[in-house]
Structure formats: C-alpha cells, structure tokens
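Just so it is clear, A, B, C, D, E and F label the chains in written order, and each chain counts residues from 1 on its own.
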Amino acid sequence: MHPLVEAFRNYRQQMNERILSRNNKVINRLFNLDTNVYQEGHLPVLTKEYIGLAASLVLRCDDCVKYHLMRCRELGAGTEEVFEVFSVASIVGGTIVVPHLRRAVEFWDALQEA
Amino acid sequence: MHPLVEAFRNYRQQMNERILSRNNKVINRLFNLDTNVYQEGHLPVLTKEYIGLAASLVLRCDDCVKYHLMRCRELGAGTEEVFEVFSVASIVGGTIVVPHLRRAVEFWDALQEA
Amino acid sequence: MHPLVEAFRNYRQQMNERILSRNNKVINRLFNLDTNVYQEGHLPVLTKEYIGLAASLVLRCDDCVKYHLMRCRELGAGTEEVFEVFSVASIVGGTIVVPHLRRAVEFWDALQEA
Amino acid sequence: MHPLVEAFRNYRQQMNERILSRNNKVINRLFNLDTNVYQEGHLPVLTKEYIGLAASLVLRCDDCVKYHLMRCRELGAGTEEVFEVFSVASIVGGTIVVPHLRRAVEFWDALQEA
Amino acid sequence: MHPLVEAFRNYRQQMNERILSRNNKVINRLFNLDTNVYQEGHLPVLTKEYIGLAASLVLRCDDCVKYHLMRCRELGAGTEEVFEVFSVASIVGGTIVVPHLRRAVEFWDALQEA
Amino acid sequence: MHPLVEAFRNYRQQMNERILSRNNKVINRLFNLDTNVYQEGHLPVLTKEYIGLAASLVLRCDDCVKYHLMRCRELGAGTEEVFEVFSVASIVGGTIVVPHLRRAVEFWDALQEA
C-alpha cells in the first residue's frame, strides 16, 4: 500500500475508534448514519460515492475526498469517471477547488499502486 | 406551470441574458463550461445532475438547487432517487442544510404540477 | 404573534412534516438527532442553544438563526446574553455576518412581541 | 432612487442603528473597523471597494455585494471595471456564485437609475 | 508539554508577534477585539469559549479549534462537556466536520498530558 | 529560493501538469480561464491580483493565497499594500481568517528572501 494511503487509513481508523470509545450518543449515531447513507438504495452505491466525492470537493475537505476516492476505487470506478466528477465539482466550486484537486489526483494515483 | 417554477425560470433567463449581453469574455466562457460539464460523457447526464444537485445543496445555494431539480425532473428522476441525493447532502452538510432542503422539497413538489 | 415569527413557524412546520412524510430513513433519523443534541446533558440546554445560535450565525443560515432565537427566548435568555453570542459570532465570522445580524436582531425584536 | 436601492438602504440603515443602539462594545467597534478598513491608505479607496466586492461575491453575501456596488458607483466605477471584478470572483468561486451575480447585475443596473 | 501543543503554541505566538509588529491599525485592533470578546460579561468565560469552539468547528478551522480547546482546558472544562460541544457542531455542520473532529480529539488528548 | 516557496512551486507545477495531462476538456479550459481572468484589462493586473488574494483569504485557501502572494511579489507589490489587502480580508472574513493570515505572512516573508 502506498504510504499516502496507509497514513490516511491508519490515522482515520485510530481516531474514529478513539471518538466512538467516548460513547457520545449523538456523535456515534451520526457515524452510523454516515455509513447507512451510502448503502445501496434507489441509487447505486457508486453513484452515491460520486455524490459524496463531489460534495467533499466543493466543501474542500481533503480527508473526505480521500475517503470517497478510496471507496470509488474499491467499487471499480475508472479514472475517466472520477475526472468527470472532478470536472463538475471544479465548475461548481471554482478555482478555489483546484488545490484540493491537486491533492485528490495525487491520492487517486497513489490508490492505483495500493 | 407552478408560479414558483415560472418565477424562477423567468428571472434566471432574463438575468442570464443581461449578463451575457455584456460580453465579458471570461464570464461568458464560464457559462459555456457550465453547460458543457453536464453533457453526457463517461457518466450519464442524470448522474451528473445528481452530483450538481448535491454540490448545490451542501453549498446551500437555493437557486442552484432549483435549477438542478428542474433538470432532474426533465430527465425523469423519481422522488425516491432525489430524496436519496438529499439524504447524502444532508449527512455531509449537516442540519445547516435543512432550511435549504425545505425549499428544495417545496420546489420539487411544485415541479410535479408544472 | 408577530407576523415574521408566525410565517417562519408555519412554513418550517409545514415543510418539516412534508419532508418527514417521505420516510427517508436517513433524513428522518438526522431530524431526530437534531432534537436530541439540544437536550439537557452535561451542558445546560440554554448553553447548547447559544452554541447552536453562534454556529448558525457564522454559517450564515438565517432560518437556523431564527429557530435558535425562538428557543433562546422560550428558555428565558435576555437580550444582553443574546447580543454577547452575536458579538462572538461577529468577531469569528467577520462583517460578512452583519447582514444576518440585522435580520437576527429584527427577529429577536419580533419575538419580544410574540 | 430605484425601489431596489431604496429598500436596501433603508433597511440597512434602520437595522444598523438598532444594533448600534444596544451598545455592545465589541459589535460597535467592529462596525467602526468596517468603516476604517475601506479608507484611503496605501491602496486607493476604489481598489479596496473592488476587493470588498469580490470578497462578498465569493462568500455569496447579496447584501454585502449590494453595499460595495453602491460604494463603487459613488466612487465613479464603470460597468467594465465592475464586470472584471465579477469575472475574477466567478472564476475563483465557480458557478455557485452565478445566482449572486444575477442579483448583483440587477442591482448594478438599478443603481444607474438612482 | 505535548509536542503537538508546543508546536501549535510556538508557531501561533511567533506569527502573531510578526503580524502585530507591522502595525496595521485595523488588523491590530481586530486582534484586540478578539481578546475582548471572550472576556467575562453577561455570559461566563467558559460559555463563550464553548461558543468559539463550536463556531470554529463548523467553520472547519483546525487552528481555531486548537486555540479554544487550550482555553477550555485552562478554564477546567471536562471531556464530557467538550464532547457535547463537539456533538452540537457535528450535527449542525455534518460529516464534513468529522476530519476536524479527529484532529480536535487528538489535540484534546494531547492537552491532558500537557 | 526559500524552501517554503520552492516546495509550493514544485508541487503546484507537478500536479498541474498531471491534471492537464488527463485532457479533461472542462478542467483544462477552466485552467485556461484562470490564466485569462488575471490578464491586463480594464483593471490593472496588480489590482486583479489583490482581488484574487483577498478572495482566497476569505475563502481560507492557503495554496491560493500563496499563489497570489507570489504574483503580487513578481508585480512589485509592497508589504504595506499587501497588509492592506490582508486587513480588508480579515475584517470581511473575521478571526477565522487569522490562522491563514499567519501562514500568509510567513510565506510573504519567505518570498522576500526568494
């Protein structure tokens, strides 16, 4: 696994466990909803991940982008499709999104080696 | 056509024409890109509209939400699918999205009568 | 009840019912969490409402601000306290918050007549 | 004066007076700083207004945009210059800025009749 | 002092001094207001810090979060109280807040060792 | 060249090339517009850079701030002028901008050694 990917996964998992261990009922239920909302429903899982990816990009959250890129990759998304999601997010969000796009592309490349 | 929908369409069209008539090259080309990015590509048009809808909701832009709802309706999206897009956007964006969700649902209902 | 307050309450209640009636599980559970998170806990209810009010102001969500002002009023908050919340939010969020502050003060005044 | 401009000026002035009358020291001093920061300094006043206008547009604050458009007009800015500010803000902020651009152009047109 | 805390404090102090040394009157007065607004008033200092913490979290500013966590700790806030502030901010701001919550929890843990 | 500046320039250039090499038509044209919009027009280039700098600061995008600081420096902007842009952005955007201001000042200092 590429070091960028590994570092992201490990820190995310470790801190999520730390947060959940505090047993704040509201936070733990929000984490739960976060899992449920991306489940297969009337929309396919991958469509939901594209939606989550674009939402994360326009809100400029690098870690959220990384997570959804990981999921897109696991679900078999291709680079062309992912770049189309990037293109919609870049037009909606403007050039302020571009620095996050640079890090997204770097992470997407790293995932291909994972 | 429902008055909510008609008012939105008319104002949007009238002001877009006013903006484009100024011939600011950069703005006009951005409008052009905004049309191109939602065209059929590696992703289907409706998937791109869902992405645009979710991005608009998390950025809390009522008019952008309305536009993408109009497009989703034209492309045959069902209420269940649209509510799944709403659900992803609400979890990503939090309860700050809810007032925009209220107006989105009101507009979606209005579109059914259009 | 002041017309500003009445219009806000009615629209909010009507559209919330419309949203919940769709039975989207994720959205309905998020609404549920939104109620739970402001319950008495280790922090008093009013402190949580002040927090919700400030968060709404810096995120510049007029309807969220109105809702928390209603709750602050019901819980007996005074104008001095509310203006201190406004002052923190204005310093954190900057003058971009000021137009929302104008509408917040107008609504707070309306609540005194309610 | 065009009704759009008049309504904006009156509400703004009335509510600013209401806010200042509460004598919250921090808020009143922030209002004071807001006046000072746009004064002539190392940069000309109009350059600062262009900066304030672009910042307001990318943050998507219609009332802030209106205020800076009023000031730009008073300082003799031309439509070409103002549209160049719009173009920078639209590229930085993306199409999410466009609905605010529509209202900005409408207000700018109204100011020409004022 | 935990290295995370020390690095944050040192960089913050050093750069604040650098900024203030430029004697830009507006910036220096804003820094001054930033101190004043968190002083004891009609609301207790700790309530204001909770408000500042939540505002920082929903605006997703890691450094602002760290600063308010330091202040909460100095003022004797407990982990349960701080997690309730986190929970309100997470519901208001959505899962986009979660990566910042991870860093907030890591920093809060570091502060316990400080 | 100062290491901060060099690291920024290299990563930015490398990833921009990577993005452009994918030949996503929309993204590549947005990059193109991003160059065009800062060209000499009715407003001088430096005024446009100040506008881009302020927009980047209030949107709290460190990399965008760095880029515009580099351009301001190349175009001969002085520290007094740049701090006036900082002051407008800080008042508009509030103290949430301050951590980005710290990094901006650090980078501006580094550019003087470049």
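Keep this in mind: contacts are C-beta pairs under 8 Å (C-beta built on N, C-alpha and C of every residue); 3 or more make two chains touch, one makes a residue touch a chain.
Since we're looking at a predicted model, the values are computed, not measured.
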| item | value |
| --- | --- |
| Those chains which touch chain C and also touch chain B | A, D, E, F |
| For chain A and chain D, chains touching each | B, C, E, F |
| Repeated interface matching B-C, over half of the contact pairs identical, chosen among B-D, A-D or C-E | B-D |
| D-E or B-D, whichever has more C-beta pairs in contact | B-D |
| Per Cα centroids, the chain farthest from chain E | B |
| Farthest chain relative to chain A (centres taken as mean CA coordinates) | D |
| Separation of mean Cα positions, chain F and chain B [Å, integer] | 30 |
| Interchain centroid distance [CA atoms averaged], chain A/chain B, Å | 23 |
| Distance between the centres, which are taken as Cα means, of chain D and chain C, whole angstrom | 26 |
| Per-residue multi-chain contacts in chain C, two or more chains | 26, 30, 33-34, 37, 55-56, 58-59, 64, 84, 87, 90-93, 95-96 |
| Parts of chain E lying in touch with chain D, wherever the complex brings them together | 25-26, 29-30, 33, 36-37 |
| Footprint of chain D on chain C - complex, ascending | 60, 79, 83-84, 86-87, 90-91, 95-96, 98-99, 101-103, 105-106, 109 |
| Touching residues on chain C, where the partner in the complex is chain E | 30, 33-34, 37-38, 41-43, 47-48, 50-52, 54-59, 64, 78, 80-81, 84-85, 87-89, 91-93 |
| Footprint of chain B on chain C - complex, ascending | 11-12, 15-16, 18-19, 22, 24, 26-27, 30-31, 34, 55-56, 59, 61-64 |
| Residue ranges of chain A in contact with chain D within the complex | 58, 90-97 |
